[in-house]
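Order of writing sets the labels: A, B, C and D. Residues in every chain begin at 1.
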Amino acid sequence: MLNAEKRKTLLLLIPVILVLIGYVLYPSIETLLESFKKNGVFSLENYSDFFGEKSAANFEALWNSVYISLLSVLLSALIGIPLAYIFNRYDFPGRQFFSNIAIMPIVLPSLVGVMAFMYLYGEAGLVPNAIKDVLNLSEVPFSIGGITGILIVHAYTMYPYFYMTTSSALNNIDPSLEEAAYNLGSNKFKVFWKVTFPLLTPGLVAASLLVFMVSMASFSAPFLLAGGFRVLSLQIYFSKINGDLEMAATQSVILSVVSISFLLFMRWYQDRKDYRMASKGIGAHRSEVSNPVLKWCMVTLGILAMIVLLLPHATLLILSLVPEGAWTWQTYPTAFSLENFILLFEDPNIWDPVRNSMVMSLLACLGVFVFGIITSYALVKRKFIGKNLLDILVMIPWALPATVVGMNLILAFNEPSAFSFGKILVGTFWILPLAYFVRFIPLVVRSTTAVLEQMDDSIEEAAQNLGAKWFYTFRRVVIPIIMPGVLSGTLLAFVQAVGEFPTSVLLYTLDNRPISIEIMNQLRMFNIGQASAYGMIQVGLIAIVMFISYKFLGVKTENTL
Amino acid sequence: LAGGSEESGGKSKNESGSDLEEKVVVYSPHGKDILSEFEAQFEEEYGIEMEFLDMGSQEILDRVRSEKNNTQADVWWGAPQVNFDQAKDEGLLAEYKPSYADALDEMYHDEDWTWSGTSITPEVILYNSKEISAEEAPKDWDDLLDPKWEDELIIRYPLASGTMRTIYSSMIYRTYKDTESPDEGYEWLRKLDENTKEYSANPEIMYNQVAKGVGNLSVWNMPDTVMLAEEKGYPFDYVIPESGTPVLTEGIAIIKDAPHPKAAEAFYEFVNTKEAAKLLAETYYRIPTREDVEDLPEWITETEINPMEIDWSLFQEKQSEWMEYWDNNIKNAEKDLSEE
Amino acid sequence: MSTVNLSAITKQFGDVTAVEELDILIKEGEFFTFLGPSGCGKTTTLRMIAGFYYPTKGKVTFNDKDMTTVPPEKRNTGMVFQNYALFPHMTVFENVAFGLKVRKITKSQTKKRVEDILKKVRLDQYMDRQVSQLSGGQQQRVALARALVIEPDILLLDEPLSNLDARLRDEMRNEILRLQRDYGITTIYVTHDQAEALTMSDRIAVFNMGKCQQVGTPTEIYNQPVNDFVAEFIGETNLIPIAFKKEKNNEKIYHCEQLDADIQVQATEVNIAEYNRNDQLLMSIRPESVQIDKASLTGENVFKGEVILVQFTGASVHTYIKLSSDAIIRATDLNEGPSTYLTNGSKVNVKLPADQIRVIPKARM
Amino acid sequence: MSTVNLSAITKQFGDVTAVEELDILIKEGEFFTFLGPSGCGKTTTLRMIAGFYYPTKGKVTFNDKDMTTVPPEKRNTGMVFQNYALFPHMTVFENVAFGLKVRKITKSQTKKRVEDILKKVRLDQYMDRQVSQLSGGQQQRVALARALVIEPDILLLDEPLSNLDARLRDEMRNEILRLQRDYGITTIYVTHDQAEALTMSDRIAVFNMGKCQQVGTPTEIYNQPVNDFVAEFIGETNLIPIAFKKEKNNEKIYHCEQLDADIQVQATEVNIAEYNRNDQLLMSIRPESVQIDKASLTGENVFKGEVILVQFTGASVHTYIKLSSDAIIRATDLNEGPSTYLTNGSKVNVKLPADQIRVIPKARM
């Protein structure tokens, strides 16, 4: 007989599992099957190829991918954690403003973003040349490219994962724990290392997973910055271009296996310890700092960070303001005008892609928001068999390269199926929101999980004891407490959905053409100016959404503690 | 005048409305400028709607493939012939022989008329005209191997680009056709690799690096080079290799099971009329395949192109293998690592 | 308004057995207290009654209805958690109103009831504070108010007053008792304050290491402990090993090795606990029953001793007297001012009245 | 091994004044206790000494060294937090070893010291447990062990024993005292247990609403409270309003409205507190000093009354006697068995000895 607890768990799990099977597992199985086919018949040849004949290149690619990903995790953590710590733990003028700026890197559309980086720091880039001219050097002092370039771009674009998860996890740490450590004689450094940092583990694990997997599947940066450099994601792309779909599938499977091993490792690492802060009562809040020197150091640091963080955006702005031909061979742009914007706005349909992107991202985020909360709750607070399996399923859309996810969806939904309610989804409006939804499930689930891991169980018990049904408890107690984590995940998802390219390009139709496609098309026609202008529109848009969500939701999240 | 055109528009609708479907859907990589212009003209002429999706040719192939069970597009306008050949092999294209078939050299259409060529793109050596004078510039493919150009070449990453794959394959093919072995060609590419400073991931970056003198040489197609120099003010000029150069054919095709087949045919005809071809040549730097177009711009008529003899079916067969070899054995990955 | 019946309940966490074979029947409207040393399984038992743990073995029934696996929200119990478990994102008012909202009480009614109970726990002026801005004791009172305001069938209080001062604790005790009596709420109370347990409870269960040692009324527990653990745990006592010697009239004579003397004990049920033949025996005498005097004392069980320590604890004074090399006995007297305190080293006579001694067996572990 | 000096310290949270103009000097090696009702600012004061809050006004000095803004880790204080603040990601051992590791004590030395202290708090067999798997009292003992093991200069204990049973509390108290005496650690202790405060402390400060009411030794505080707040807060007392009438020999005569009688009080410092001319006066007499007898009593301040309630609290018995329509007085006697309890309604004589009464002013708020 099932007891009430088990029944509830089951009730929670059924929709979660249905969605995961229908929209994640079922499509992915195609890839798996494909990898076991050679010319249409079942065989292990692809795998023997991967590890045999082509092993040199494949292993090189695999190895490169893995170590670049590990280094990306490390670098992103090195930037994201300290920034989050400073912005959340110290009160200094402009803190709120700087902390909003800190997540701007994810706003940058990926392709245009990387190009902005090249215009900035490439051999012909603004910064190295400016330094060269100012110091009268004969050579540019530095330029990015190759692995360093990839790593720098990765660190820049991915540290917000660390920044956001760390921020929400930090706000959930009972400050008296750190106080206890200070009291026992630890200096700031020790307290951070021995207490704060370990307590952030759930958040850090979440961020590491996200970053590791994005870097494993990262495409633009290695492609743009080190064309010939072999990484697994590019190998997949080239296999596909070369028409060897089966090998592409095989490589995707290998890539997912690596990503998932990383996931299991991190899970194991996290499960060794307990992070639920169950101290008695509720601790007092934010420790005070009254050292003026420190305060101004922080402000300076904030300003410096802000400049560095916004330079690529500024470059994008400059690019969008340079009329055609005014910045080709010249080191610095020679003219500025609004030509690109004017050209753009001449198109009467200019706002269509913008509207499409917004509507679809919103739809997807709504779905992901609800689904993410339920799933992470089940993962963290419920006991059931096969938890690891569920966790893997959740992460698959993130572990697979975006193009593969897109391909999977095409294969699964270009014929009627139960999960598409008997319709063909490919070629309709709904396929893209669905794709975004699937793509960004992991983001919300991970960031929510991180905060839930820190929540003391007895709070929920207290609500139940007062007679609140599970759903009421969930709505009134659990969700408000984990809101910062959920919101940061959803916000990240939204921002990325607006700029999503790899799956969009496979799935968009006439009616739902998103912004990123429009930018890509401009780029393809060598209109880098107009592409940048479009990019600026996207940046502006996302900034507005973030501002609004901060105004209306952020205020609430501040209150949660 | 306005009234007149309105009237004529109405008339043509009445005329052709009986057998044309209400719209035509076109997949094309030609870009918004061309497509919008043709959209306007086509809609005016036939009074039916034209919808287009603007995307890369590889993406079109992927998409047509994925929509096989649920075909959305009618016409695929613009892609190198290799793409069309591939699509044909997968049974994605319908046959159609246009009314101007006679004006096409047989080099410029498929034998079964699943596609036909609309324009040709010869490949050229591109150089930065601010840094290198016309006299200095290399005159033929082999000149590129001269050690004085060490670290001067910026090459668009060949695996991802149809243009570059064709050029590289042609270099191998030059000797392959006699020796039946790609080894000499590989050797040639290895030397080229030694002179290559970097491989760019997309054309934009390649242009930028050449324009800013990071490297001063590249190989690319002629129409784009002309367009960049004339329209966008890039300091580019080009040399057509004396010994002959591969010429790519860009084509058009009707998708199999197109939802609007009649309209598709109308559009097929429409974009390759003489007037259209001339317009494309004058404004968009596309060299027409039709031999009966007159008054072409100077840069087409003046330049003498010496097309390389190419066995496209051999290319189709061997290209992947060659490129894979290049990728695994020739491309010097250290190059990417060594630059800080 | 429920009976609570725990039958043969066992709870294990992995290898750890927190509660073992517990049988307790709590009557309707009773004020029942769990007493026991830290870690003996009190909280665990409460949590099984509230429904947060399912017993590994055994059954929980309310009013003869099997509740073993009924979810917590359907049990209508009100619990004060040992660690408070306040909702950190709500104000004091919202915390307390939570249970009423769930019960769909009207807004105005809710407001009235919350204000009422907050006044009773002396927190009315803190209504709109965030709970993180309260002191420890204030937080505890919020937890108490939150459980009381819903007037549950069963009230489960896990050390609800541990962080309050004596005065406030007194008031809160009265409040709890009033509520409990007015609405006939069955109350289960965990406390470490013995005076609290003894004054408030109808009955008390004394736990040790997951097992129940004795259940009884406060006077039973205090005056007739069943073994040395209970005697020592509830109140102060002097324990000295003895062995049965003989019976004489209505007195029993025991021999005490440590004092090298015989001890006379009245042979009533109150003075002699049940024991088995091979149990080790002890005599227990409460410090307040020990009579000391500088002058000589008459009657049975009189010994000579020397004062070794005098301790002042407010209302009373403890005097430690050494009777022999290994027997020290403590006596408690009311504080009648420093002038009455004995000084260390003074010789005194000590009397252990025969009707105040209780003979008990050593507890089996 | 430090003196702690708080001079004119004020702490405000927004509009709330938690501590106001506090002046306290704690001597080297002293065991100093903060007593006061919930929310009166004890924790806030401790936190200012530990360095977690900076005072809004005023100065904190240790050994004449200004520490007001020195960060907590440089103060070498050991604190037991009211909410424990155990590190959830560490085992019991790791929690306790934390402070030693920071101090770069060798591994073996650390192990020895941690095992030692854990044995003393009776947690040696829980060494490798995660703290979330401990009971409330066990967690509290871990917090205590963690603070004690580093043998700090100043020990700050915020209700460190509130969740322990009487027996264990007793042991822990002795442990704390032993450590404090052995190493001469200046100890500041917050407790709600008066017996604890009175037995352990060298001196006590009584707080109310952020202000210090009285500082003194336990006997001073208990026997010579400066006002009604202190008298009522420390120990039980009977307070009855009186007014000065006249002085006679070495006695003062006060009139009591409620009893409609005169009260004689010895005119010593112990019996009469300092007061101003226009203060309202009260007489305070501890229940244990009240003498009751069924037979008639001789001497001063004898009244007739009626028993209205008899309450049993273990060692002692409280008897409430109604002296007049609005004066009820409580008397406490040692428990000598149920046979000695008075019954409700019986008439008795009550004597308030002139040397046991203390006249005090009403506290100004």
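We adopt the following convention: a residue touches a chain if its C-beta (ideal position, glycine included) is under 8 Å from a C-beta of that chain, and two chains touch if they have at least 3 such contacts.
Given the structure is predicted, the values throughout are model-derived calculations rather than measurements.
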Review point. Which chain pair is joined by more contacting C-beta pairs, A-B or A-D?
Key: A-B
Review point. Taking each chain's centre as the mean of its CA atoms, how far is chain A from chain C in angstrom?
Key: 56
Check your understanding: Between chain A and chain B, what is the gap in Å from one C-alpha centre to the other?
Key -> 36
Point to revise | Rounded Å distance, chain B centre to chain C centre (Cα mean) | key: 91
Check your understanding: chain A: which residues touch two or more other chains?
Key -> 278-284
**Study point:** Sequence positions of chain D contacting 2 or more other chains
**Key:** 82-83, 136
**Study point:** Two or more partner chains touched - positions in chain B
**Key:** none
Check your understanding: When you check every pair of chains, which ones turn out to touch?
Key -> A-B, A-C, A-D, C-D
Review point. In the complex formed with chain A, which residues of chain C make contact?
Key: 50-52, 54, 69-73, 76-79, 81-89, 98-99, 102-103, 130-133, 136, 139-140, 146-147, 150
**Study point:** Residue ranges of chain B in contact with chain A within the complex
**Key:** 25, 29, 31-33, 51, 53-56, 58-59, 62-63, 66-70, 72, 86, 128, 130, 157, 159-160, 198-205, 207-209, 211-214, 224, 227-228, 231-235, 320, 323-324, 327-328, 331-333, 335-340
Point to revise | chain A residues touching chain D - in the complex, by the definition given at the top | key: 174, 176-177, 179-188, 190-191, 194-195, 198-199, 201, 273-284, 287-288, 290
**Study point:** Of all residues in chain A, those that touch chain B in their complex
**Key:** 54, 56-57, 60, 115, 118-119, 122-124, 142-143, 145-148, 223-230, 237-238, 241-244, 324-326, 328-331, 347, 407, 410-411, 414-415, 424, 426-427, 505-506, 508-510, 513, 517, 520-526, 528
**Study point:** Contacting residues of chain D [partner chain C, same complex]
**Key:** 13, 16, 35-39, 42-44, 82-83, 133-138, 140-141, 158-159, 162-169, 192-195, 198-199, 218-219, 222-223, 232-236, 286-289, 311-316, 332-338, 355-356
